[in-house]
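Below: a set of structures, written as structure tokens.
In what follows, chain A forms one complex with chain B and a second complex with chain C.
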Partner chain A sequence: MDALLLSRLQFAFTIAFHIIFPSFTIGLASYLAVLEGLWLITRNAAFKTLYLFWLKVFAISFGMGVVTGVVMSYELGSNWSAFSAAAAPVIGPLLAFEVLTAFFMEASFLGIMLFGWKKVGPGLHFVATCLVAVGTLISAFWIVSANSWMQHPTGFGHTTSGGLIATDWWAVIFSPTFPTRFAHMVLAAYLTTALVVGAASAWRLLRDSEEPEARIALRMAIGMLAIVAPLQLVAGDLSGKLLDRVQPAKLAAIEGFWETKARQDFHIVAWPDRAIAANRWELSVPGVGSLITTGQVDAVVKGLRDFKPQDRPPAFLVFWAFRVMVGLGVAMIGLGAWGVWLIARNRLDGARLFQMACIAMGPAGFVSVICGWIVAEVGRQPYVIYGVLRTADAVSPVGAGQVSASLLGFLTVYAIIFSVGVLYILRLIAEGPAAGADEPAPPIQRAPGSALAAAPGDAP
Partner chain B sequence: MRDIIEPPPEPGAPLPPLWKRLLWFVGLAVLGTLATAAVAYVLKALLPPH
Partner chain C sequence: MNLDLPLIWAGIIAVAVLLYVLLDGFDLGVGILFPFARNRADRDVMIDTIAPVWDGNETWLVLGGGGLFAAFPRAYAALLPALYLPVILMLLALVLRGVAFEFRARGRTRGRPFWTAMFAGGSLVATFAQGLVLGGFIQGIALKDGVFAGGPFDWLTPYSLLVALGLVCGYALLGATWLVWRTETELHGDARRWAWATATGVAALLAAVSLATLFVHGRIAERWGFGAGGFDLASFAPLAPIPLLGLAGLAGVGLGLRRGSHGWPFVGALMVFVSGYAGLAAGFTPQIVPYAMDFRQAANQDNALGLMLAGVAVILPMILGYTAWVYWLFRGKVTPDAGYH
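Moving on, here comes the complex of A and B:
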């Protein structure tokens, strides 16, 4: 393997690990704000218990997100220096704004969330929680803005030395695909969190169907799923419909289209093969592919054969990543509808099959997010900045041995960090919100001079 | 972790005066910013000079 492929593997590996954490913490921060707000309004202790429980998970996930994110900044310099040299005047400020406006905000007010409830009082603590939640959304704004520019670059020019320079910052920040992609990412984060909260609550209810915190949290997760999952379908569809105009090769790879024609078939499943420039086999619905991808039955949609072989993205991976993402999205809609139906019939707490389904769907948000990013990033190939800079021209002049060594290091370190972090989070979730939520019990009062007067309070 | 995270004040417990709470709010936020900035400068120092 050459340095280019190894560098791509390394970035894919590190970013796939990283995206797990922000996609969870974006939703979790908003969930914490809702929990604290509800506790302030109702003074129901269950909301406080849930808040304190999910705050622990948030703090660990936030820390792991930071650690795995910092690595990628270094990779831009070490493995993708040609990209950084060319695109830094455009991309650099967007990433800097993310750090200055979002990360600093989150990191600053997280301290108050963790250590300052009694010191600042409930009102100001709630303000801090809301600011952290807003900070996560601002963070998503800048990262998706930078990535959207790489997907469809606008508002830039070329310098005499071959670099890129921004000529219109509004066009750079708000490139045409940005609004729908931002909505798609934020909704994905909310869904990811709802699924994890739902799975954790269902796990607790399977053990104790009367646990008040788990009952409340499962209902909140179902409400979020029922509202957000269908919205996500709409956001994804709007985002996808732009592809026909801005990234037709990616659209053709997603749908397994090889020939340019009107009334494309919709391939439910297929085996796209770049080697023969066709699908080896396919199961299709005739004539509706154009309608689904563009909204018009007779629209002519480009096929991959319209692009030179060296300009085609890897169709198999993009095609199947998209189908896994959409399949799980449909399952999320189904889970939300099933949960609402059970709530309406007042049968949720005893519905063991539904609770087991919730547990099974717990990781679905993470899988969908990673698949979605595979569609976005692999579908953009062979470009790193679509139509402007090829991935092969963006890599650093480093040897395969150097990249292999760092990749091996990442695999080892991440395996340890990830295993430890996730195992700890899973242990916390298994213990549940009620564990340790109460203040320590006061010492047992025994009569002076009695036989057990000197024994510790928790002695048998 | 259980001991580090500060729970809310007990219901009915008297709150510190507003100026003290605001001071804690600003102080903890600034401390968080400074801690983040310190880590950022350490990471920057690890980069080789141009």
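Moving on, here comes the complex of A and C:
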């Protein structure tokens, strides 16, 4: 394998691994802010117990997000130096602003959130929680902004020496696809968190249907799902409707369209094959493909054969990643509706089938987020800056041997931290929120610097 | 108003990297000293002294990387492929060490010792790799048309290994003096001994690295007045405060330790690092990819630098403000029990 392919594999692996944690912690930080706010207003101890419990999970997840994120800030240069040199005049400031406006704020106030409970008083502690939550959203803002510019670059020109230069910062930061893509990502993070909180609470309720914290948390998760899952369908649809104009090849790959025509068939499932430039087989609804992708029955939608073979994205992966994402999204809407219906009939707490469904759907948010990013990133191939720079021209002058070594290193280290991190989080969930509450007022009695996630009995 | 944007940004990046070295230096140093702790309780206190601040400290590394990408993209694109393996090694070590803060607290019979080892080993390897990066950087990077054109192991020389050893000893000194400041009782006594040992090591290695740099790298030697024609005081004189600051720092560490001071050894160690940093900077300024690209050649477009400067002018004071506030909040001695609230 050559260094280009290895670098692509390594970047795909490290960034897919990384996005797992932000997509959870963006939602969880907001959830923690809501819990602490509710506790301060109502003084209901269950909210505090829930806050301290999810804070432990947050500490583990956030730590994993931080360290895998540091990797990204250097990998752009180590493996994609040609891209870095070309893109920095335009998106350099966006990434710099992410560090300046988000990372420092998150890191500093996380320390107070985890260890400053008694040092600052409840009001200021709540402010710290809110600042961390806002920091995660600001971070998402800049990174989705930079990515959206790479997907559909606007507001730039070329210098006399051939380099890129920004001509309109507003158009760079708020490129046309950015607003819907930002909304789509934030809603995805909220859904991911709601599904995890829902699964953990349902698991607790299967064991003890009276646990007050689990009953509250499951209702909050259902409320979030019921509102956000349908909104996500709208945001995703708006985002998709732009593709016809900005990335027709990606749209064709998503839908398995090969011929350019009006009244495309909608393929429910298919096997798109680049080698024969057609679908090997397909199960289709005739005539509605144009309607679904553009909103107009008679719209002419481009097929992949209209693009030169070297300009076509890998259709199979994009087609199926999209279907997994949408399928899970529909299941999330169904789960939310089911939960609301149970609450309305006052039958939620004994509904074992529903609780098992919640547990099964626990990881669905992560799978959907990764599938969504596969659609976004694989679908814009062979370009890394759409229409401007090909992925093949973006790679660093490093040898395949070095990249093999680093890829092996990342696979090994990430496998270790992933399995251990998941184990520790599941262990926390298995112990449940009450385990933390048994301690006499958890963080207050602890040494100021000790990790909050320390389990009771872990003390030296 | 005509600002020299590349120069201003060179200053900002230089300060960010210095702050990274000073701040993450002491918490990496605490990790390096981990194996020398007497028992688990001491290790818990050691990690407790840095737990609330390490994440913020490491963010300066992200600013160093992100800032270099944004302000000097051609340098970023040249340096990272050139130093590929030590950079990746540093990142992997930082990953294992970073998660160890939480994992160590969650681990039980097998997990806890494993993550204790990962915290210590990760801190050591990350520091050593940073030393290799630094050594490879000072040696110089082979470029052709602004693109890295050397081999995968160009950075690996006796000189870079010596620099890496020096950095390990230096971070350990920062860590030891930090612990002298922030701990008490038996651990405080151990930290004093570690501070003595590492200060001695730093003095020797700093001298060795300085001499090696002068002998191996003619153009740096010339800067310092050691040209072909003998010693030139006129070149050396303006730079003289740099080694003097380092000597004063070492004296601060030594005298502070001797007189039982808790804070001065750490201040002295910081001075040693500032001196070493300035000494190196004096050797290769204005090169940003030694000795093939200066910071003006590497700089981003003026409109990008200008936009970022506007942001930095507003945001950086805020960052420095709340960072200082967090340090102030977690001030004082750290003890095994919840003693000092």
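Here, the second predicted complex is superposed on the first by the 435 of 460 C-alpha atoms of A that agree within 3 Å, B and C clash if a C-alpha of one lies under 4 Å from a C-alpha of the other, contacts with A are read in each partner's own complex, and residues count from 1 in each chain.
Basically, contacts are C-beta pairs under 8 Å (C-beta built on N, C-alpha and C of every residue); 3 or more make two chains touch, one makes a residue touch a chain.
Remember, it's a predicted structure, so these values are computed and weren't measured experimentally.
Colleague: In the overlaid three-chain picture, which partner chain does A:Tyr190 touch, first (chain B) or second (chain C), both, or neither?
Modeller: Touch partners of A:Tyr190: none, neither chain B nor chain C.
Colleague: Just chain B (first), just chain C (second), both, or neither: which does A:Phe24 touch?
Modeller: After superposition on chain A, A:Phe24 lies in contact with neither partner.
Colleague: Taking the superposition as given, does A:Arg43 touch the first partner, chain B, the second, chain C, both, or neither?
Modeller: The first partner, chain B, only.
Colleague: Once the two complexes are aligned on chain A, which partner has more residues of chain A within touching range, chain B or chain C?
Modeller: C
Colleague: Which partner does A:Leu110 contact after superposing on A: first (chain B), second (chain C), both, neither?
Modeller: After superposing on A, A:Leu110 lies in contact with both chain B and chain C.
Colleague: Let me test your reading of the model: by the given contact rule, A:Leu55 touches which partner, first (chain B), second (chain C), both or neither?
Modeller: It touches chain B, and chain C stays clear.
Colleague: Considering only touches as defined above, state whether A:His125 meets chain B (first), chain C (second), both or neither.
Modeller: So A:His125 only meets chain B here.
Colleague: Quick check on the superposed pair: does A:Gly421 touch chain B, chain C, both, or neither? Answer first, second, both or neither.
Modeller: Only chain C is touched by A:Gly421; chain B is not.
Colleague: By the touch definition at the top of the document, which applies to A:Val70: first (chain B), second (chain C), both, or neither?
Modeller: A:Val70: touches chain B and chain C.
Colleague: Using the superposition described at the top, list the residues of chain A that contact chain B and also contact chain C.
Modeller: Dual-contact residues (chain A): 59-60, 70, 77, 99, 103-104, 107-112, 114-116, 118-120.
Colleague: For the complex, give me every residue of chain A touching chain B.
Modeller: Residues 39, 43, 48, 52, 55-56, 59-60, 70, 77, 99, 103-104, 107-112, 114-122, 124-125, 127-128, 436, 439 of chain A touch chain B in their complex.
Colleague: Quick check on the complex: what are the chain C residues that touch chain A?
Modeller: 40-41, 44-45, 47-53, 55-56, 58-59, 61-63, 65-71, 73-74, 76-81, 84-85, 87-89, 91-92, 94-96, 98-99, 101-108, 111, 147-149, 152, 300-301, 303-304, 307-308, 311-312, 315-316, 319, 322-323, 326, 329-330, 334-338, 340-341
Colleague: Applying the document's contact rule, which stretches of chain A touch chain C when the two form their complex?
Modeller: 59-60, 63-64, 66-71, 73-78, 81-82, 84-85, 87-90, 92-93, 95-101, 103-105, 107-112, 114-116, 118-120, 159, 163, 165-166, 169, 396-399, 401-402, 405-406, 409-410, 413-414, 416-417, 420-421, 424, 427-428, 444-455, 458, 460
Colleague: Taking the complex as given, what residues does chain B use to touch chain A?
Modeller: Where chain B meets chain A, its residues are 1-2, 4-9, 11, 15-16, 21-22, 24-25, 28-33, 35-37, 40, 43, 47.
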